[in-house]
Structure formats: C-alpha cells, structure tokens
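Take a look at the structures below.
Heads up, the next two complexes both have chain A, just with different partners, chain B and then chain C.
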Partner chain A sequence: MSLERPDEREEETAVEERSADEIGELLGDNVIGREEHINAPAYVIRPDAVQETLSTLKSEAGYDHLSCVTAQEYEDRYESIYHLKKYDDPTQEVSVVVPTDRENPVSESAEPVFRTADWHEREAYDLVGIEYDDHPDLRRILLPDTWQGHPLSRDYDQNRPQVVTLREHANPLQEDYKAGGQDSDTMLLNIGPHHPATHGVLHVETVLDGEQVANIDPDIGYLHRCEEQMCQNGTYRHQIMPYPDRWDYTANMPNEWAYARAAEALADIDVPEYAQVLRTMGSELSRMTGHFLALSTFALDVYGDFSAIFMYGMRDREKAQNILEDLTGQRMMYNYFRLGGVVWDLPEPREEFFEKTRDFLEDLPQALEEYHDLISANEILQMRTVDTGVLPPEVAKEYGATGPVARGSGVDYDLRRDDPYGYYDELDWDVVTEDGCDNYSRLLVRMREVEESAKIVGQCIDLLEEWPEDDRTIQSNVPRTLKPDDDTEVYRAVENAKGELGVYIRADGTDKPARFKIRSPCFSNLQTLPEMSTGEYVPDMIASLGSLDVVLGEVDR
Partner chain B sequence: MTPLQVQTFPEAIAAMLPWSGLWVDVLSALVGTFLVANFLLLNTAVAGPWAKRKITAAFTDRISVNRMGPAGILTIPADAVRLLSKEQIIPEGVDRPAWDMGPILIPFSALLGFAVIPMGSGIQVADPEVGIAFAFAASSIASLGLIMMGYASNNKYSLMGGLRAVASNIAYEIPLVVTGVSVILFTGSLRTSTIVAEQAQPLVTLWGVSIPQWFAFVNPFAFALFTVANLAEVGRNPFDIPEAPTELVAGYQTEYSSAYFVLIYLGEFIHIFLGGAIAATLFLGGPAGPGPAALGIVWFTAKIWAFYLFTQWARSAIPRLRVDQFIEIGWKGMLVLSFANLVLTAVIVGVLA
Partner chain C sequence: MSSDNRPFITDDSKVLTDTRDARMAGQGDRFNSKLREAFGSSPFILTKFDKFMNWVRGSSMFMLQFGIACCSIEMMHTYSVKHDLDRFHAGVPRASPRQADVIIVPGTIVSKFAPRMKRVYDQMPEPKFVVGMGSCTISGGPFQEGYNVVKGAEEVIPVDIHVPGCPPRPEALVYGVAKLQERIANGESSPVTVKPYELEQFSDLDRDEVVQKLADQIDEDDLVMRYNWSDSP
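So, the complex of A and B:
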C-alpha cells in the first residue's frame, strides 16, 4: 500500500472500504456502544482497550492516520475521541470514543500505536484534564507547568488568578542534563523563545554534543490564546469566523474554510457554486502568500539576514496580498467567509480586478524562474539542504504530518483532491510531491505548489468572468440564529497552506458550540522536528525548522 | 641593508616641520597615524550606517534610509548619537577585563595592519622590511579579541560563536598567507612598497595600452583563491559562520551593546577594508591607476571600496555554508589549492629566473 510512487495512484482509488458493521465486528468485545457522528461512525470502547482497538484499526482496517484527538468533559464523564483516517483515502473516517468516569479520568494512551498521539494527549491532559495511562511524558504542553486547573474542564474557575513568581517556574538550566550519561560533554542550549530563526515564540530545548544536536524538545504554548474556548463563547453565525484568521496568520483564508466546512456540515447549509469559486480563488491566493513567506524566511534561515530572496518573496507576496485586499478589504485578517458563502462579491469594476489578477499570474513564472536561479539551483544551498532533515514517509505518517511536509516525503496526500470540497474537483491542477524526504524537497514542494495555485486561480478567474450575471449568489439563505441539533458532532478538515486543518464541533442545541476543537497541521508537523534533527548539526536543525514552516499562531492556538 | 625606497608619511610630515630631533619624529608619527586612522574611520562611518544599508537595499529592491539629508547621508551622525547614547548593558557573570578588552582589540588590530599599507599619494605610515607579514599578523590579532569576547560573555551562543571564529580563522588564515607568499616569490621582498613598485612594470602592451604587471593579471588563480580566503577571514557570506545570526543569534557579540557594539562593528568594517587593502597591495598594484601618481589615494580608496561592495554582494546572494562544510572546504580544499598554487608559482618563477 505504499504511496511513494505516483504511478501507484491507480491502486489508491481502490482502497478497501469496510462498512461500519464490519469494523464493529473487527473490534469485537472492546466496543461498548455505537454513535453516529456526521462525518463518520463512532465506536465507544473500553478505556483500557485503546491501544488494542487502534492497532487493530491501523493494521487490519488500514486507518493509518490519526488526524486528531479531541477531549471533552460532559456532566457525567470525560471523553477522548480519536479521529482516524486513511492516508490513501481520507474520506474513509472512523471515530473512536473513549469515555472515562469523572472521578478517575484515566484511559489508555494511544502513543505506542500512533506517535502523534503524544502531543495530542498532552494537550488533552493540559486543557481538559484527562490522564493517559502508559503515556511516555504526560506533562502540560500549552500552559506553563505551574498552571492550576484545566481551562476547558467544567469546574475550572476562570477568575482565579494564576500568579506565579519567577522563582517558582522551572529553570531549564537547573540540571544541565547529560544526553549520554554522566561523562558526556553535552550542553543544554535554549533556542528561543526569542531567537531569529524560530519564526515566532517557539522555545526549542536543545542538547548539544559539540555542534551536533543530541536531543531536542520543542516547547510550545507561548502564543496560546485558547482559541478553542474563544470559539466556544461565540455564536455560529458571525462570531466565530474572525478567529480562524488568527490561527495560521501567514495564509489566513483557507483557515476560514475549515470552520465554514465543519459548521456547514453540522447545520446542513448549502453553498452556492458561485461562492465556492470565490472561496477557492481566495484560498489559493492566500496559500500563495503563505508559501512566499515560507520560501523567503527559509532563505533567511539558510542564507543569512541580508539575503535578497527575502525581499523578493515579500515583493510577490505583496502582489497577492493587494489582490486579496481588493477582494476582502483586509490585508491579513480577511474575515471573508460566511456560513453559506462569502461576504462580498468581486469588487467593481470587475474587469479591473480580473486584469490585476491576470497581470500577477502572468508575471509569476518569471518570478519563480528567479527563485529557482537564486535558491533551488544554487549549489551551496543544495549542499546545505539535500539529505538533511530527513523524514521518511512512514515516520511522517506516524506523526500525522500533512501538507507540504508530508508531500515532501513522498506521501501523496492532499485533501483538496482526496476529500474534495469547494470547486477543486472541477478544476485542472495537480498534487505536488517530491521523494527526497529532506529540507530541499519540502522547499521544492512549496515552490511548485505556488505554480499549481496559480493554475487554480487562473481557472477561477476565467469562470468568474463568464459567470452569468443573474446567477451570482454569494450567500445561501442561512437563518439569523443557527441552533444545530443537540448532541450532533462533526469533524471536518480542509487543506490549508500548512496541511490538514481540522475542526471538530459538538453542538448542544444552543447557538454556541459546546466543544470546539482545532486540529492544527503545524502542531503535528512540528512534532517531527526531533526525528529530523537528532544527530544533525545546529544549522541543519534551523533549516529543518524553517522547512517545516510552522506558524506559532496555529501551533499554540 | 637596503635603503628605504620611499619616504613614509611621518617622514614627509617631519620634513615639512622647521625643527628636528626625536620629539619631532614622535610628533609627526603621531600626527601621521592620527590622520590615517581618521581617514579609515571616516570610510567606516560612511560604510557602516549608510553605504551598507544603501548597497543591501539596492540588491534587495528596497529604498532604505532617505529621510535625513541628501540620500539619507545624515543618518550617519544620527546613528552615531543613537548608538552611543544607548545603555551599556553589562551582564552578570561576564569575565570583566577580557570582556572589555575584546571589543577594543578588534578595531585596534585592523588599524594596526594599515600601518604598512601604501595608500598612494605618499601616504604610508611605515615601511618595514617585513611589511606584508606584519599586515597579516596584525589582522589576525582580531581572532584573539573574538575568543576573548566569546569566552568572557558567559553566554553559550557567544561561546559557540567564539569557537567557530577561531576554527575559521585557523582554517582560512593558512591558505590566505600561503597564497600571499606566492606573490612574494615574484617580488622577492616582503616590503609592501617593493611589492607595489614591482607591479608597476608593464606586463604586455595591447593596442598601445600598456597593461601593468599586477599580480591579479599574472596569476588570476591566486587572486581568486586569495579573495575567497579573504571573505572567510572577514567573516562574510558564504562564510559568516561565526556570527550566523539565524543560528547563533549574533555569535560572540550577542552580549554587547552601546559603545562596545559600535567598536565591534567598527572593527569589522575596518577589517573588511584591511582585507581589501592587502588584496590591493598584493594583487592590484596598490594605489596604482591611470592619471598622475598624486591620485593614488583615490584609486586606493576605490579598490578597498570595491572589495567592500563585493562582500555585501556576496552577503545578499550566497547562502551560508554549514560549519562542518566550511571547515572541510578550508582544510581539504583551500589549503591544498593554495599549496598547489605556491609550488606551481615557485616552479614557474624558478624556471623563468
């Protein structure tokens, strides 16, 4: 079932699918109940059979992608939901629900089966308070170690001050621990949270053996705003949409789609085709802005602070951003999507908008040529990036890596094609993969994806230009107050610039979500950093971090 | 002992004074060095806060400083005041005398190297027999400053930067000097004025234009080698490993602010100019150029600025090497090539002579 080579794509269409009952049979006695989520069948299992269930699903039914772990607290129980998918066909989903009682919220950890569960379960522990047996390292992940209580649990006191003196914080240098036993000459180096190459507030605890990385532990949470809780306090119709822009703040618009897709599935809202084309175009332009920034900051990491490439990348990002500004009125926090459509039609005069966009697309091949001259064709850059930061495809899947990171490892996985939404399946474009598995491949994937995005935008422009004037509905008829049915649950993901951005919503019959969970692609991608960098030189670790293109706003949420 | 071939700058000043005696020699030496050092500091002042920004901006499609004075030139005094008025932060646990001496040593060593450089128009502070060896020796005192700064800062990034600086200086100084020696084989003298005078002789005459025997024309391979080693010596891309801002924050200078920061930057720029000056002296005929000999200082300045421009260009366009690749290129590539060049030159010179 390897997907390394594109010519095996034929096989992929024939991924064996089991019916819900067959899966239930497969899991046998471990299942203690069945639920129906909007996106997938859900099996309630015993809390001590998590590993067994997941490994059965993984090895025998082919569910090799643990997309997300959602934790939540009900009045009578805690619940962890493992959202499983297949890399070969992400439309085949199954949810595994693990209830635990309120007094003793302990369930078995999924980490031995899926490596990615490590961070996801730590987050669940941190924010909700479920404990996982057998977890290798159950510490808080987003909040400081000294935090009292679990913010998303029901009895959490919002008003309790969390004042902690500096003295009480853990001193990362307290024990300059040795990676290779007492005699080794290792040194702990704190890279970040304020460091030129961490692209935001990321703290990487690095144990160095000379110039080489002996051990590495990314410490996140410096930009944590509990976006999930903020979304839970907003109404579906209007108050949540501005938040997704603040997750991945370099390529904002596809994030809005993640919420729109989940909420529209939950409330059963249709989107007019014309709005779908607008959404597709906006998202792809936005994806380009993200990739330009990723490219140029990667150049900063590898070339140095005075690299010309950074400004070249900014120049092209600016052009795309100007078009998006014309479209949405904003340069960063677009807030362009609405449930059931988008907020504005194209700006008048339309011809001018089309012309501007076409000019941008026409100049693009030349600009990309320039990048290839400056970056990918440069021998020193190739020396620096080829075969460094290697992430084999199996490992990438273990960690739930998606987006350009997975595609740079030859994993042919793109939700725009594999789980189509919007107008993508009507358009002619290709999913880009590279087999190098290294920093260079990830760079190339982004550069080539810009070309694909340009293809999509070009086709959208053509469609929009010829769209009949009396059929330009930008929003379907959506009630003023949305109250999805009580106890409906949905998990839906879209492909944003960094990978699979998923949103889980549980409705409780009110106009606000009872639980809003964000599956951030950067969160999972960043988890692969230790795999890539252990044993490599510090500069390669920095380059790998740049090639992962994490946006801390999305990692920390 | 060969007599001094040219009158040095302090001697020229002494000759202009109506008195004589030891104190006149001392005074004229002080005045001479004062003038030369200030000329260089002036160049650095233009290069650091202004030209660097303008050049980098030109490479990266930007405008950069343009608010104060014509083309933003008055940003130089503004920046000087700004930098010097910042707080001098002295972190806890720094190793005091060493920590303070490092930043002073760097500009000092680079300025010292200029003492033997013939800058044209009769400006040369001293012309000892060991000339060019002195210039190399003086410029490598800077490594000592870098180690002191890296070690005394009590910062792991500084320590790593200091270690890298030492590694790079050892690895690239040898090829640099060995390549320089290949020029000495032609001239038979270490004296800088002799090296320059030697290059004034015509190499060939093409269409009535006499091409001088600049060693860059005689041995372009050595010149290329020297330029690359020089880039490493001054720590510019692709060899800016010791600083490597995206890896080591700022390497050995992470903990320095205010006046010390200025001193370090000053030293770095004078160092680039010294690198250009040594390259000009060895390979580009020193202050030679078309027109009367009095224009020498103009040509000399143009040559060191050309090297400065080159370092900035490399900075904008070339990726940084990884530290192990950097050392590997130094020891396995540059060193071998420079010795090959030396042997080859020796054979050619031996056969021709």
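So, the complex of A and C:
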C-alpha cells in the first residue's frame, strides 16, 4: 500500500493547498483579526459567523476534519479555538478563533457543520463556561449535572462544596420509559457505569424496543480526573510527562509523544536521531500491548466470561510489557520520554535486550495465527461482527473518528505517515485499512496493525544494533527551566493506539502552561456509538462498543 | 440383546484401577492432603466454629469484577496467566456485586462515580471486604489536587487493605490479597463506620447556600452525596 501512496498524495496536496492569505480572502468580512499559531495560521472571527466560516472552510477549502475544540478564558475574554485539518493531508491546518466577551460568553455552535462539535462544545461549556447558540443539547458532559461553577474558568473556587445525585439511574422496572413520547412499549436499560462490558466506567443509557436499540446516550465523566488541570499545574520540564501515561492506559507510551511533540514544537527543542529510534520502538511495542488488550477484551465481550482468548491476549501483552519494563523500568507507567529525548538508553547488555525482543517478534507470527484461528476465523464471532455496527466513512469523518475506527471504515488516515514524526518516515511499513466499515473490520485492522508494529520494531532493533557507539545521544540540551515565550500557542497531534491524540498548549511566559488541552481520540470515537447501534440489537451494541476500544481514562481525561 | 443379563462388571482385572485400590484400602496419596497428614491418625479436629468459618472465608473468595482506571489493567494481569490470582483461592471474578465478597477498588474515584461505587458496595452481601489498589485509592494519588477527585476510597467505603503503587505490580496485589486472607482468617476486618461522604436524602442535608441553590433541580427524596472539599484530608 505505502509503496504507491507517496506520489498519489503529492498530487492531491498540489491541487488543494491554499496559502494563508487566500483563505483569509475566502472568509471575507467574518475575519476580524489574524494570529499565528506555531502549527497553523489562525483567523479570529465574529462569534456569530462560526457556522458560515466553518462551512466555507469545509466545503470550499477542503478542511473536513474538526480535530479539536479548545476553550479558554483570558483576563478580558473567552475564546474557543476550532482546530481544522484535512483527512487527506493533516499537515494542512487552520485554526479558527472565536472570542466572546466576559459578561456574556455566547458564540454560535459549530454542530450543524461538524457533528463532532456536539460533545466538544458540551465539554467547553462544562469546564470553561462558554455557551453555544444553536447547540442541540447543551448540558454538562464530564461533570455531574448538579455541579456548581466551571472548573477551568479563572474564578473557580475549588473548595466550594458540591452535591452529586444518584438520580441518573432510573429504575427501568418502575414504569415504561417512553421514547419520544409515543405509545410505544420501550424500556430504559442502564448499562454501567459498573458493568463488565463497558471497558471501565462508562454509563450507556439505552432505550430498548423489544431487543432493538431505539435510542442510546453514552454518559461519560465517571473517570474525569482533571488531567488538564493537573498538566496546567505542572512545570514543562518534568512534572507533566508522567500524566500522559495515564490518559490511554492500555498503550501508554505513544501518549507521552503527544505531549513531547507539542512541547518540543513550542519551545523549539531538537531531538537526536538515536532518541527518535528509541521512541519509535518503544511506542510501537506499547501500541502492541494496547491492541492485544483490545483484542482480548473484545473477544471477552463477544464470547463472554473469562475466556481462553483473554488469557492468550494477556500472555502476549505480558511479553511486550516485559520488554518495555527492561527498557524503562516500569510495567505500565513508563515515563520514558523527556523533552528533547528519552530518559535512558537501552539496558546493558544490549545484546540480551535485542535477543529478547527478537524472540518476541519471532514468536509473534505464530501467536497471530492462533488469534486468527481463535477469533477472526471463528464462525460465531463472524456472525456477531460482520455487518454489525456499520460506520460509513462519511459519518466517521463527520464525527472526527480516527485511528483503527476510521481505518476500519476505509478512511486512509494515519498521522505516523501523513504528518510524520519520529523515525517513521525512514522505515518501511504500511498503513492498514479495511473497507468493511463493521465491527469485524475494526478488529482486523487492529490485528494487522500488530504485524505492522512488529515490522517497525524489528527495523528499529536492527538500526539500534548498528548505531555507532559514539553517536548515541539520548537527550539534547534542554534548559533546566523551560519558559516558552508569552502567548505562543501550538496544537500538535500524534497517532496513538486509538487514533489522533492531540495536545494544545498556550504558554504565558512562565514555566507552566496557561492552557493545556487534550484532544482524545476515544472521545471522538465514542461519539459514533449512537450512529452504529441505533436500530441494531443490544448484543450488537455491546460488540460495537468493544470494537471502538475506548479507554475511559482518555475519554474523560 | 445377549449382553442384557451379563453381570455389570465382566472382567475384574480391567476395572481394578489404582484409584479403586487406593479407595478400598483407604490409603494412597490421591485423597491425602498435607493437612490430612498433619492431623495424623485421627480424622477429627477440635476448633471454634468461628475460627473455622473465618478460615473458610479467607480460602474461598469471590472477587467482584470491577474496573475503574489504569490500575484495573494491572488487576487484569493479576487474574490472568503468569500471576494467576486463582492460585490463591481468589481468582474467580463475579460480574454481579450480589455474588461477590471482595471488591478490589482499582483506580481513581471521582465525584460522579463515588455514589455509584457506594451503591455497588452496599449491594454486596455481608461479610464483605475491600482491597484498595493504587495510590489513587489511598489519597487520590497523582490526581490528589484535582477539583473532581475524591481523596481516597476510604472517604466513601471502609478499606481493609491498601496496596500502594501507581500502579502496584501484580505481585504487590497478590501480596495484598494474601494479607487480606490472613486478616480474614484471624477474624479481623476494618470497622464499618460513618464515612465523610455518605449517600443521603437530599432533604436531610443542611440547608446551606449550595443546597438552597440546587433545591429546584433535585427532588427531596433523591439520594445525593455531598462533598466538602475543603475538609478533605
């Protein structure tokens, strides 16, 4: 696949790329100012022209991917930033900045243009307190409904008492739950937040009509751990890096890269090649651990109970974790990246490490064959997953889905190739896509991605083995206290195991970020669940949820 | 058929297995445990019923399948191959709290989740035990200063064993569970006391500013949990 890709891509780019001024012209009078973010030009627009601006950008300039919505409060104003990209070429970005005044922070909602803005704006309302006109359902999303105040706004008092209800859990047996108020015989089914199939603490309110899902509403926020606040309280150099490990806690290391990439762009730090190879290798091993877990829990959801497949998955995960433990000293929370490199070199003796990793890679094809025998070639599983939970590519894009979820719908989008970082563009590997758009395709994508990751790790091992001894710099020189310039802003994303993980940082001249926003792939991916399962059977909904492979730590942050 | 009136066992020599031999002779190792050996010739022991019950309780624990955050990944590793908690009579996770007697709390508890966790805990039959896994259940861990994070599981439910770490290694969790078994066998468990954050009826709360404000949003008889963040340790 990748062999034909590059030239094809260049053609597209050549056709589409527009200069910043051309875009400014396109947007016309709606623009009231220009800013320069490190990653992209930014246009400040009138708060009542959001829909017009975004739909112009979407239909005429081809920015079809609303990656993230960042909200923040300044001394004199509120601001929402819409980070736009193109699915065909994510290196083309623009930011649309929407200021609103402090007294009356209302701006137009982007939801009619990009469906994904729904949840993003709810989050902005919840945490920062900006209100969006024309939003279909503006209520709190991460915090409980009864919460007082907006925690990321400037005058929030963290010590004020709060009252939280248990009410959301209506008893389905008490009375019939009428969906839409007609005379239907529907029933409310609460799935979660403590439920074996929800992969953590997700609460799914489903309205059932017989065995079919009539309406479904994922209720998140049961693991909202204030990750953004934590990062805003930490200093760039050392205090932030441990947190990314805890966003997507099944495949931890690629997350560190998201922060590293954003902060390195912000403070203009170089990373030595050798460290890039180490980062690439670590991240891919870690991606494998994530996919093994996704596989085994998916099988768990579909077959039920603690089954053999789960044990197989854990076996391989354990092996990869062992290697990573040798490399980093921890089994899960690696904290291996540093700004400007990694914390240490390969463990001595290096040969032993190489041998161990090679053994693992050698056993992998056989293990994968076992998986294919057990899972993907299994008729029962195929019956449950083929053609269920269908997510057409256009819908996936509308919702900003990325990662295996998008690639399972045939959307050929992978930041490792399309917006290269690290050592990926020097290596030989392919982006995996499947066209089935169903639960089965998403499963296959993950299984095949494990093979690709293995390819990458294998090449990294070879490179590391050959690397001249006097050129093994693992960190560049980074000042002890990092103070990026006042009012610089950057949004950077990497491909983690679940998709596009982005980080937005605004610096204010101190050693701590003034705003730290995390764009979580699972957050956007989970939003597609109603699309996939309305009208389907309940068990298919469970399978879809499993195939989305959400990690609640990352959804809720 | 011709075989109808044949005796059930036609050929003695083929059925005489070692097992049967051992059974008839009342010897052989198959039914002999270390424990049995320790008793010596007498098959009777004399003990207090409570003691016996406690020993049994500790030796057969049903865990609740309960995942919250990052720690639950390590908990899954503890259940599965390599670490295999089942070796310590504690490896069968139950999906329903009504069938479980131990709950491992593996992760950060936030304001929205604490009432639900309390509910799940309440649904478990007595006697029940709690293992707090990870720093988050001790103090809130790395997220201690968060606006939304409950500073430790002990604010909500009684905890018998704390396993520190972020996340604790599976070995540490196994050790924690073994310690819990030891405590149960000794008849110890942490007292069930009133916790700072309890589920109460909304009408029972003091009518302070916050409650006044919420009065039209919450029904009188709704169950609520009230967080006094400034008093949290």
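Here, the second predicted complex is superposed on the first by the 524 of 557 C-alpha atoms of A that agree within 3 Å, B and C clash if a C-alpha of one lies under 4 Å from a C-alpha of the other, contacts with A are read in each partner's own complex, and residues count from 1 in each chain.
Here is the rule we go by: a residue touches a chain if its C-beta (ideal position, glycine included) is under 8 Å from a C-beta of that chain, and two chains touch if they have at least 3 such contacts.
Owing to the predicted nature of the structure, the values given are computational and were not obtained by experimental measurement.
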Touched partner set for A:165, first chain B, second chain C, both or neither: second
Larger contact residue set on chain A - chain B or chain C: C
Touching partner for A:148 - first (chain B), second (chain C), both, neither: second
Partner chain in contact with A:196 - chain B first, chain C second, else both or neither: both
Partner chain in contact with A:242 - chain B first, chain C second, else both or neither: second
Partner chain in contact with A:374 - chain B first, chain C second, else both or neither: first
Chain B versus chain C as contact partner of A:315, first or second or both or neither: both
Contacts of A:221 with chain B and chain C, given as first, second, both or neither: second
First (chain B), second (chain C), both or neither touched by A:444: neither
Chain C-contacting residues of chain A that also contact chain B: 196, 306, 310-311, 315
Residues of chain C that touch chain A when the two form their complex: 65-70, 72-74, 76-77, 79-82, 93, 95, 97, 107-108, 110-117, 119-120, 142-143, 145-149, 166-167, 169, 199, 202, 205, 208, 210-211, 213-214, 217-219, 222-230
Partner chain B, residues of chain A touching it in the complex: 187, 189, 195-197, 211, 299-308, 310-312, 315, 374, 378, 380-381, 383-384, 537-540, 542
Footprint of chain A on chain B - complex, ascending: 56, 59-62, 156-157, 160, 237-238, 240, 244-249, 312, 315-325
For the chain A and chain C complex, residues of the former touching the latter: 143-148, 151, 156, 158-167, 169, 193-194, 196, 199-201, 221-227, 229-230, 233, 242-243, 246, 249-250, 293, 306, 310-311, 314-315, 317-318, 321, 331-333, 552-553
